[in-house]
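Letters A, B, C and D mark the chains in the order given here, with residues in each chain numbered from 1 onward.
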């Protein structure tokens, strides 16, 4: 495997940047790979647009910009127009089915996960919808090992939230049979 | 002490945090700044960590007082830094000139953001490159380093402190929001493997009347405060003893030349570049985050059989003209890449144009570093 | 015959041959008042770091005083002094500058550091004019006064009470005197030096060249005479109505109080943070 | 021992400055007949006997150009 580009678009407060950090940490520190994570966000810390990008590679990452994402994760309707056109042909599009409705068929595979409603009903906290998506994504793509992701969660989220995040991630794994 | 300052280990770390860790490892004791995106993570991290090692970060009333306090702390004998972005640098410029004039070691981190004016705060561009060299009034030389990764945010911050202390001068770290907010593997070595430099100070008990504390091209020992040196430190034109002279033009000439020569004389030691242009006919010249796209494009071009090399400027100021000339003598085509509309390009062209064809490839979107595909197209265009 | 030696010449930088002030300027009287206070406290120039800005009064310590002196940019000496004090908490840091420097261009640093109550002495020589640049109006120039930038008379409201501003900002010691009160001034400087906190002294001082001769306020002596006539102690002033106080200069020590001082607070914070860090490491091991 | 010493070379003139003459109630000084090197006319002591050693001249002098006998000063200093 060469270079995998992942782009995550959503709104501030959804854990968009955290998702990027988790993927990068798992790849770089625990999976023996190289990773670069970049981000941008608008002026409002909650509710504005947020974007995180991750490149995972077997070799040193030269160009650090995500240009044509192999994997595009959309967590808000607002992000569709901004990022959908960037996805690589035959790429994987993961969406939070509760929040993203306006995605038409295209030259990509759609992974549709009702992450927010699962997080709300089963975890009592919509804030971990991103972890559910990550779980499903990892199970589907085998991009990174489950162990590495779990280690990344344990070392990256606040102590009090580790269990909640791990549970959400594991719930995501279960979605893909 | 060293262990507490150096967080040895392997991390997936943000560039800005790596910068703060680098400052701690280099021995920074005092930091002052004013909140500004995209530099705040450095300030936040320093505010948390510096007190743990006996230092402190101070949030000042503005950027003017931030750099002033940093200069004051440096004269009090402390290793000191400030962190900001373009708008903050614009406010600091007068006092940066002051720091140069009275030869004050300090580190100034500019995490560049979308500009001009308030621009776009979270988008990184290389928009303040020439400001660092020419922003303050008058002729002067300054040192500026351009990191391209979180690892270099750490490494270059250490180098910046070492250069500042060694040459008694402000040193710029010209990062940008892209690199500052980038996360990547950062390896922090053990404390004893990190070289740190401290400024020379005069022998205790030196007669203040005989002390030459200024304007030495080989860097005068710094008569820091509180040691009985009775230093008169004025940014007005002065002589080697610090004595003000506002009347003789020859004194001004000496003042200007010696300050500049202090840097230029040591340019070879200061200049850091990354060369990869052996047998290349086309050389991509760039710095900072852009150099990574250049490296990607060069590698792809070579796979296609086009002899493309790269030259990456780590030290952008003092301008490494000799390095550019050396490269241009061997190349046929030079392509300059920057994430701006061509700020360092004229300097590169001036050195290279006599030996090679020089062209500039601006980014398709200012704020997004060049797509290696675009660079490849440009390479094919010039190789025809 | 000449066996008498001036007691404060030993505080003067040996390379200095004369003061840099115009004849009759109040700056020199202020300079001597500072030196007398230092001598009176039995202190040495090595106990001090002096910081000044730009303008005539900034030349009081620079180069005159044989001490560590940082002569800084216009308006910023207090900000530079902040860094020096944090770096050398055991030294006395004294800022000496003018009203244009400290109150106009540097006003916010004055306000913010009075608020911080950081230990330093700030001596503001208020001559109501920009002397060095040739007699332009300052924020302290009274309305109606003709200056080189207000040839038809100053038309802005002006600062009549800088000390009041600094009191409101939170300084722990504030006094005002004129150059007609050098003894009282020295006594206040002594107190200011010993104060754990931000100590501000305003000295109303004559500029006989720009404010005096050009604006028709007379020579140094006439100006001193005017200060004597118009000044009134804070104690006496309290008995008078605002109407009666019009055109008077209230002098004295206005504020002298104890409140948390910044350097001490920072030291405490560092001790706490470094101790906590040690604790965290210990817990980690256990 | 003299009660007073004037550093002629530091003085900026009894005419241009003249503060010493103004603050001396006893009229100890008067402007010199001759000029110093800078062209100023320093004060000269004409009535040393009248001097009460109040130190006004010394304390007010902006150029640190006058010194009053130390013996008296030490006693009187606060």
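The rule is simple: a contact is a pair of C-beta atoms (placed from the backbone, for glycine too) under 8 Å apart; a residue touches a chain by one contact, two chains touch by 3 or more.
Everything numeric here is computed off the predicted structure, so don't read it as measured data.
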Pair joined by more contacting C-beta pairs (A-B or C-D): C-D
Between subunit A and subunit B, centroid-to-centroid distance (C-alpha), Å: 35
Separation of subunit C from subunit D, taking each centre as the mean of its C-alpha atoms, in whole Å: 27
Rounded Å distance, subunit A centre to subunit D centre (Cα mean): 85
Distance between the centres, which are taken as Cα means, of subunit C and subunit A, whole angstrom: 59
For subunit C, residues contacting two or more additional chains: none
Set of subunit D residues in contact with two or more other chains: none
Chain contact topology (line, ring, star, complete or other): line
Chain-to-chain touches, reported pairwise for every pair that qualifies: A-B, B-C, C-D
Touching residues (chain side subunit B, partner subunit C) in the complex: 4, 29-30, 32, 51-56, 58, 60-62, 64-65, 68-78, 80, 94-95, 98, 102, 208-209, 225-226, 228-236, 241, 243-244
Interface residues, subunit C side, partner subunit D - complex: 1-9, 12, 18-19, 21-29, 31-33, 36, 40, 179, 182-183, 187, 219-221, 224-225
For the subunit C and subunit B complex, residues of the former touching the latter: 13-15, 45-46, 49, 51, 62-63, 66-73, 76, 79-88, 90-91, 108-109, 112, 266, 269-270, 272-274, 276-277
List of subunit A residues in touch with subunit B within their complex: 20-21, 24-25, 28-29, 34-43, 61-65, 67
Residue numbers on subunit B that touch subunit A, as the complex places them: 10-12, 121-123, 149, 177-178, 181-185, 289, 292-293, 295-297, 299, 368-369, 371-373
